[in-house]
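Worksheet: the structure to be examined is printed underneath.
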Amino acid sequence: MTNEELKIKLTELLPEAILEDGEWITANTTPAAFLPFMHQLRNDPSLLMDYLFCLTCIDFKTHLTMVYHLSSTSFRHNMVVKVKLDAAKPEVETVSHIWRTAEFHEREVYELFGVNFLHHPDLRLLILPDGWEGKNPLRKDFEDPINMIKL
Amino acid sequence: MYRETEVIQDLATAGEGDMVINVGPQHPATHGVLHLVITLNGETIKKVEPHLGYIHRSIEKMCESLSYRQFIYVTSRMDYLSAHINNHACAMCVEKGLQVEVPPRAQVIRVLMDELTRIASHELWWGAMAMDLGAFTPFFHAFRERESINDIMEETCGARLTMNYMVPGGVMHDLHPNFQQRVKDFLQLYKRKIHEYDELVTGNIIFQNRMKNIGVLKAEDAISYGCSGPTARGSGVSSDIRKLYPYEIYNKLEFDEVLETGCDSFARYMVRIREMQQSIRIVEQLIDNIPEGDFQAKTKAVLKLPKGEFYTRVETARGELGVYIVSEGGTTPYRIKFRSPGFSNLSVLDHIARGSKIGDLVAMMGTLDLVIPDIDR
Amino acid sequence: MFVIKYIKEVWTAVRSLLKGMKRTLYYFTHHKEIITQQYPDNRDTLVLPERFKGEVVMPHDENNEHRCTGCQACELACPNGTIKVIFKNDLTPEGKKKKAIDKLVYHLELCTMCNLCIEACPSDAIKMAQTFEHSVFDRNQLTKILNKPGSKIMEGVE
Amino acid sequence: MWSFSGIANNIHTWLGEHFNATWTMIIEMVIAGVAVIGLFALLGLVLVIMERKVSAWMQIRLGPNRVGPKGIFQSLADTLKLLVKEGMTPDGADKLLFNVAPFIAMIVAMLLLAPIAFASNFQLWDLNIGVLYVSAVSSIMVISILMAGWASNNKYSLMGAMRSGAQIVSYELSAGLSVLAVVVMCGSLQMSEIIESQRNGWWIFKGHIPMLIAFITFIIAVTAETNRAPFDLAEAESELTAGFHTEYSGMKFALFFLAEYVNVFIVCAIGATLFLGGWMPLHIGNWEGFNHAMDYIPSSLWFFGKTFFLIFVIMWFRWTFPRLRIDQLLNLEWKYLLPISMINLLVVTAMAILGWHF
């Protein structure tokens, strides 16, 4: 499916989503509409986005943005889904039951950005050692006076 | 990382007669500082839980304070066995933002280096894989070929492992005058020795019995777990970025995407062995056809990416590497994310290892071809 | 039938093992194939390629002159803060004050041999040397001053 | 001509002239003990350097070449290092068992040297149940490994020991059955008689294909019994780091190491004695001249030559093959080797009764 076709299809699926052009279509959605939308993307027979190849988060200081890069192994089209999260209390539904790879990636995002994934089966620190709960190294406001190397 | 509270938790969830055993962070089979907590019943694995972070350097955070020229060298330290390909992905991402056209000569050089790196990486994997299964000799034999590639790299790029050869706009130096001859010598050596791989390992009945029907990863699981590279292709999932989303000159080259449908460890093994031959094929096509011209496009001294997001995907020796740069218009990336192939490939380990023996776990880790700095970043 | 299949199976298995043994026996008897380099012994004959990145040096000519203008391009290009340029004020023959480098401090212990400083240098004042045996007992010895004492900038280099 | 038996006889006569019978006996025993310990140390050194050189050449390396000419003193230097190293006992270990285990391994290996004929008429103890004695005593080996694995209080050690237990107990069967093939043929358990029965040809040649099968089974089984690759599951460094001796260091580790190599020597010596005629030179039927020429080579040289050839074969296995998995290892024994050697034993018995051999 080309980007144009994808865009028409996505407008049908989720009218309130804001679509952005680019190399890949980007769909902006809200935490509330997020999970049903992702289910549709995965299961709609003309989309079949079964391959989540990148899951990450960006800290824009005012808000956090979750970024999901999706691809379809049957149709070979790609798209990006973005969810804006509140910086003070970032919460979003997990997608680990849709794409198993999200389980690991979400754990990584959880500890590096402090995003709370609701209904995640096993949300624990993956990389950081004991005592790092609540400190999120990849946030822009993170300061670590001990381990930071200043050149 | 593994926390003390989790020790108690693991022991509590273990059933009657179960044994919780730590493989790593210092263990010969994990090829680095991977830590696996395995719940065993006798020799049978009930659960595998990876714990990461022992070599986490937070490269993503480091890159946020480095300029677009500087951050590329750090990425050699991620997947150090395909350093060129990592650098290539980063350089390509910056070029995408700058909209720089890379000269044809630089493109060919980049592809040549990528494929040589892929061969070298698979050579090392082959030796290490055999060593995981208890055969030591192949390890040294693999190093003979790998060493000659490293010598070629040393001559042209100035280093053997962390070359930092790809720069935005092209490559750092032109090819060394000896390059073509030495690559041809290597191809000869490789062709003379390739049958030994079959004699020593592939055809060996013990090896085949250790690999076949072990670590079965079905195609839909491979997709769901986000596997890429040889791990996915061993399950018959077409995932070669070079074919699907061609970059540089890959769409002009003749090579096959290697697919095996066995879904087991042996299929993954065969994918890598056959992939080496495809890389040899690419190198053979290019080595006599390197176009003349610039090896580097003209770029400004200080690079500034426009505001926006840039994502590039390349095929490393281990799978799909994605570089995702978010730029706010400055000289440094606002946020950079490396989608490393090893991270997703590792997540599948628990799924495929359950129910098999502890010796098979080692073989499976071998076929997933884990490089720990790539997973931890 | 069953017996023939069984024997065939055993035979192919044994043959695959014998093939491997033949290969190792070949190497056992052919010592010419040995590729070991006896490193500290072959120091005299060891040739490193001229592009090998060992450490940053500043070449001086016979008059103890270098080409460094002190433009700080290398300092800016370095990702690790390996290079520090310290200035002094020189007097030109006409009696004017001129900025020149006092010391070009190079921290070998921080250097990752990424070659970015060499690429950045507009006057080719620094280059990579092929030395690689860098280990010392005292870390201070790794902090090097690249320009030789009393050296000055070459004529005509701006 | 110079020979081991000549030296032994000279010593015996000299002692008989100077002491009474009891003292002669005691002094001879002491000499024998010292000789065994000396042989032990020597074997350890020689086999370690041999293994390292063999592996190096197969792996296109040079191997040890710094200590002494061509590196022959490398293992001596290693032994010195191990001697001065601290032998640690882990905190949670069962101290007694932990410290006793390596010595049991040693003692078993020493006991096994008793019935081996090193040269013609040169044997410590030619007891009439020699073969039975060897298979009985070698079974004790597993106890030391289990002891070490259990006492270390380490999960890896325990797993290694358990694997080793399962492995040694199973492979003893086919080793025993293939040894029985020779015993059936020559009708004696005594080492000297078995060797004597091979005066006109070694059993491997005299016994046709069934004997060859027995020989191959024997080699595979003893490779497994001595925990050598491809059957080194008890150590399996890529899976269990070092298996049962993970926690051992210093001289205690060295004893295990030494015992392993001496065991390899012993099983190869027994294989050489049973199938390749021990110290008996190569004799072919009626070729008088050839047989006569062969007799000029000292018997000890024949014995050690054959033994070291077998040791080389076992090392060759180790540096070529990948390791088996534990269930495959047991499958190989119970589904392939055991049935084959049982049927083979029947065939051999039939051959012995009908006299179908040279």
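Letters A, B, C and D mark the chains in the order given here, with residues in each chain numbered from 1 onward.
Following the convention adopted for this analysis, a residue touches a chain if its C-beta (ideal position, glycine included) is under 8 Å from a C-beta of that chain, and two chains touch if they have at least 3 such contacts.
Please read all numbers here as calculations on a predicted model, not as lab measurements.
Q: In the chain contact graph, what is the shortest path length, in steps, from chain A to chain B?
A: Each step joins two touching chains, and the minimum needed here is 1.
Q: When you check each chain against chain A and chain C, which touch both of them?
A: B
Q: Which of the two pairs, C-D or B-D, is linked by more C-beta contacts?
A: Between C-D and B-D, the larger count of C-beta pairs in contact belongs to B-D.
Q: If every chain is reduced to the average of its C-alpha atoms, which one ends up farthest from chain D?
A: Measuring from the centre of chain D, the most distant chain centre belongs to A.
Q: With centres defined as the mean C-alpha position, give me the chain A-chain D separation in Å.
A: Centre separation, chain A to chain D: 63 Å.
Q: Compute the distance, rounded to whole Å, between the mean C-alpha positions of chain C and chain D.
A: Taking the average C-alpha coordinate of chain C and of chain D, the gap between them is 51 Å.
Q: When the C-alpha atoms of chain B and chain D are each averaged to a single point, how far apart are the two points in Å?
A: Result: the chain centres lie 45 Å from each other.
Q: CA centre of chain B versus CA centre of chain C: separation in Å?
A: Taking the mean C-alpha position of each chain, the two centres sit 25 Å apart.
Q: Among the residues of chain C, which ones contact at least 2 other chains?
A: 17, 20, 23-24, 35
Q: Going by the touch rule set out above, which residues of chain D reach two or more other chains?
A: 58-61, 319-321
Q: Hunt down the residues of chain A that sit against at least two other chains at once, touch-wise.
A: Residues of chain A never touch two or more of the other chains.
Q: Inside the complex, what are the residues of chain B that reach chain C?
A: Residues in contact with chain C: 66-67, 69-71, 73-74, 137, 144, 147, 154-159, 162, 164, 167, 172-173, 176, 196, 199-201, 203-206, 208, 301.
Q: Give every residue of chain D touching chain B within the complex, in rising order.
A: Result: residues 55, 58-61, 155-156, 159, 163, 229-230, 232-233, 236-241, 319-328 of chain D touch chain B.
Q: Provide the residue numbers of chain D that touch chain C in the complex, in ascending order.
A: So the residues of chain D touching chain C come out as 54, 57-62, 316-317, 319-321, 336.
Q: Which stretch or stretches of chain A touch chain B in the complex?
A: Per the stated touch rule, the residues are 22-24, 50-54, 56, 58-59, 67, 69, 73, 76, 99-101, 103-105, 108, 124-130, 137-138.
Q: Give the list of chain B residues in touch with chain A in this complex.
A: 1, 3-4, 6, 51-53, 56, 58, 60-61, 220-221, 223-228, 237-239, 244, 308-309, 311, 313, 320, 322, 324, 326, 334-335, 337, 339, 343-344, 346-347, 351, 376
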